[in-house]
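Notes for the one structure printed next.
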Amino acid sequence: MLRSRYALLLGLAVCTAVLAVGLVVSIHFGASRIGVMDVLRAFADHDGSRDDLIVRTIRVPRALGAALVGACLAVAGAIMQGLTRNPLADPGILGINAGAAFAVVTAVFVFGTTSLSTYALVAFVGAAVAATLVYGIGSVGRGEMGPMRLAIVGAAVAALLSSFTTAMLILSEQTLDTIRFWLAGSLLGRDLALLQQISPYVCAGLLLALALSRRITALMLGDDVATGLGQRTRLTKSLAALSVVLLAGSAVAVAGPVGFIGLVVPHAVRFVVGLDYRWILPYSAVVGGIVLLGADIVSRVALRPQEIPVGVTTALVGAPFFIYLARSRARQ
Amino acid sequence: MSSRVGNRGRRGIGTVSLLAAVLLLVTACAGGGGGDTAGATRPVAHDMGETMVPDRPQRVVALEFPYVDMLASLDASPVGVVDDGDPENLIPQVRERIGEWQSVGTRAEPDLEQIANLQPDLIIADNDRHAGIYDELSAIAPTVVFTVRYSGYQETLDVTRKVAEALNRTDAANAEIDRLNGRLDAFARTVPEGDKRQTLAIIPRERGTAQIQGKGSYVADVLERVGVPYAPEAAAFPADSDSSSVGLEGLAEIDPDVLFVMTDAETTMDDWQGSEVWQSLRAVRAGDVYPVDRALWTRSRGLVSMELIADEGTGMLYGRAPEGGGAAGVDPGTGGPSN
Amino acid sequence: MGRPMSVVSRLTTGEATLRAGPVSLRLDRRATLIFIVLCLVVFAGVVLNVGYGPYPVPPPAVVRTVLGLGDDAGQAFVINTLRLPRALVAVAVGAALAVSGAILQGLTRNGLAAPDIVGVNAGASLAAVSLIVAVPSVSAAYLQPAALGGAFIVAALLYVLAWRRDSSPVRLVLVGIGLGAIAGAGTTFMITFGEVQQVSLALIWLTGSVYGRGWDELYSFLPWLLLFLPPALFLARRLNALNLGDDVAHVIGVPVRRTRALLLLTSVALAGTAVATAGTIGFVALMAPHIARRMVGTSHGSLIPVAAVTGAAIVVGADLVGRAVLPQVEIPAGIVTAILGAPFFIYLLYRSRNT
């Protein structure tokens, strides 16, 4: 575990450098072969060639999108874990993805919209509603929100919503055909306009999260401790929940349902930087970006020329980790 | 185990024997459905074996769009059709020719009771979709099963002949196929000698994503039949597979000269227009992007739609105004209404 | 199970509920009464289900037709060929799922455990969906063993990962959720890459539906049901002992590990084959045992048969509702059970304080 402030800063710098390399690697890979030098040249001067256009309008937005979505998911997951004192909290587990999917499929099925920017808006709303629902149901009743409870409410709400989703998909084969790649979670075809559209929410969410990081650390120690430190815990919780909705909602709006990043990354980060959210959050953001970039590259390369939806890749990596966590926790 | 069965309480034995009696009766009745059509029958071979079909089936139910198209080209009017809840799913030219029909549900889950109520004497089902309910369908009426997936020009003619055989209209089918071939040859003659523009048909999915209709796909095959050159690079993708989705970048890599974009209410290319890479595509710069109707170009897959695709495709490409909607098959002299 | 027996098993069609005969003798009077009442409910459900459709048939006529006493050939055909086998499949599947859930809940001492929650159904789904999507030409006959195989693989993993050394119910459920997520990712992969018509079929199947199920499907499911229901009933008392704790069970003379493995096997086999027959009809395995427990208490001797009948009633009812809601299209029974089951699930959670 990194102890000193300098070591932590240095670590963060190293991670950022890795992220930068990841971005370049991601931009390098694609359907057409474009050399690394050509990639770099595309930034230096816009010669308007096809390769230049591809790098600037397709690959860069995709790489940035992956980094951004990964950062959002990881930070949202870290906050959720802190807020609920539940190591298994993750936007995917908590039904947010199912809510977004339900909303998008409804929009396509009922209104026939196919524009990705409409998807984004609708997904955002769906995610927010589902999150509120799961969190609300999870916190009623007696006692504290145990790890079981929230995960299980999430599973139940997700099961309910996805059965509605499936019902619509069964009724319309056209809707199914239109939407199924989005439903699996993918970064294909995301462009700068879409990123611009959601960037205000992402920025707001990230800033809010960072501003709350000290308070979240105190909350981790228990409501009483936080209150004793002079915090208004209710306000902190509400604001933190708001930032989760902003971040997870933006992520699902851009990439569709991508699970397990928000679960895995904060744990890995905590292993290195300890329990202070002032460090956990920035680290989570950078490492989350790296992980999703990596998953996206794997998704593109594994079955060339076809793409695996990135949501499938993250689930295949993340679910075993979830199992590992569940096992080690129960042993304690 | 058997001793335990013997040890059942009196209630148990009673129920079991009652149930047994019920079941015996039920299974006895189950076989004798609506199959008792008067008159002669003849065997028809199909994907699931051989079925005795009435000599001249009058009440036909078709469970997939291509079969409806094929029936229309034979001037047979099905009494029941699956239209997935919306008549618009069938192309207008087919609708016009088959006249009134009753909807019997969706292609994935046809309404068995509605079908039974129509008292059909022939059901045409699809191997990919309906193999699981073949027994139920057969109990309702003689059922023949064919395959239309992965079909191209030749397969479509073959399946049309099989459908015609089930209907006992082989002569009409041959005449119609001859007529169609004549028309296709005529379209082929409109392809200019020197024109080597490579065409490609795609289905847009969402922004920047498209499903490529590879070489060997239905559309590619039909276009090639009338002499339209189809993008050879597209052959890299599995023929007619839904998995051949590419991003704009992949499309730019193929960069065909002409693009047929298959659209419907839910698939539009609106999202693409703004992209610089899209604008840089050869077809876009040359103004050779043609939106075409997805229901016609990929879903109907019979003789009626094939003629329309060839007509529309060559018309768009080589500047000849496509002939009016009703053109297909209303040609005087061949296959007029036969009932 | 020898030849003559299998004939008998074919004849006792579907009435999983009535297979409880030998056990019901041991039930107390209240449980017996409830069991009989529920059987009547299932019977009424089947009659209503069979009577409902584009051609409504009044209940007396349904009974007459099923007994072969009807004189309307068209009606007899619709009822005996299309509706009755479907309703009986619903009964059988409901019963199997409910018993599977009851055993799993008993085994894990966790009211929230059910084959669909712990990923057993997801494993069966992945296997079946892969088959439907990747090998469309394959006969439907392979669906059953494939789904069963998938269910067993998940169960084996569950056993190894979460249960071999000690049986913490929380861990079992969480590991199950994780396994379910992995299988779910595989299913998503299949759904993304398959041909759309296969995917459409796979989705219907995934949601759980008894659409188009005929005598064939019933007959291929029944042997499994008849093979695994008796052990379930037989082991019910041992399950009670296990619930007193491993040590107590051991002292009473119950072979703990073997019994547990057998019970798990039974539960998974019932769920796996039910899923293979009608897809993943969700929440039945969760709801039915709870409802049953409310009525007859926690002793598994009476709980299991009562849960079976309850499950049968739920699925038959869900199928009826699913067909009745929209005019042209039918809603798969699995969606109806999810709409009922998810709130029920959350209610359970709300009531259980120490999870």
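Letters are used for the chains, namely A, B and C, taken in the order the chains are written, and counting of residues starts over at 1 for each.
The rule is simple: a residue touches a chain if its C-beta (ideal position, glycine included) is under 8 Å from a C-beta of that chain, and two chains touch if they have at least 3 such contacts.
From a predicted model like this one, the values you see are computed outputs, not experimental measurements.
Asker: For the protein chains shown, what form does their contact graph take: line, ring, star, complete or other?
Answerer: complete
Asker: Count the C-beta pairs in contact for B-C and for A-B, then report the pair with the higher count.
Answerer: By the number of C-beta pairs in contact, the winner is B-C.
Asker: If you average the CA atoms of chain B and of chain C, how many Å lie between those two points?
Answerer: 37
Asker: I'd like to verify one number: the distance from the centre of chain A to the centre of chain B, where each centre is the average of its C-alpha atoms, in whole angstrom.
Answerer: Each chain's C-alpha centroid was found; their separation is 41 Å.
Asker: Hunt down the residues of chain B that sit against at least two other chains at once, touch-wise.
Answerer: Within chain B, residues 85, 106-108, 242-243 contact more than one other chain.
Asker: For chain C, give me the residues that contact two or more of the other chains.
Answerer: If we look for residues of chain C contacting two or more partner chains, we find 193, 196-197, 199-200, 204, 329.
Asker: What are the residue numbers in chain A that touch two or more other chains?
Answerer: Chain A, residues with two or more chain partners: 170-171, 173, 177, 181, 306.
Asker: Give the list of chain A residues in touch with chain B in this complex.
Answerer: Contact set of chain A toward chain B: 30-32, 50, 53-54, 56-59, 108, 112, 114-116, 119, 170-175, 177-178, 181-182, 188-191, 193-194, 305-307.
Asker: Which positions of chain C touch chain A when the two form their complex?
Answerer: Checking each residue of chain C against chain A gives 112, 116-117, 161-162, 168, 170-171, 173-175, 177-179, 181-182, 184-186, 188-189, 191-193, 196-197, 199-200, 203-204, 206-207, 282-283, 329, 331-332, 334-335, 338-339, 341-343, 345-346, 349-351, 353-355.
Asker: So in the complex, the part of chain A that touches chain C is made up of which residues?
Answerer: Interface residues on the chain A side: 88, 93, 137, 140-143, 146-149, 151-153, 155-157, 159-160, 163-164, 166-167, 169-171, 173, 176-177, 180-181, 183-184, 259-260, 306, 308-309, 311-312, 315-316, 318-320, 322-323, 326-327, 329-331.
Asker: Enumerate the contact residues on chain B facing chain A in the complex.
Answerer: 84-85, 106-108, 205-209, 236-237, 242-250, 252-253, 264-268, 270-271, 274-277, 280
Asker: In their shared complex, at which residues does chain C touch chain B?
Answerer: 1-2, 4-5, 8, 10-13, 15, 18, 21-22, 24-25, 53-55, 66-68, 73-74, 76-78, 80-84, 136, 139-140, 193-201, 204, 209, 211-212, 214-216, 230, 328-330
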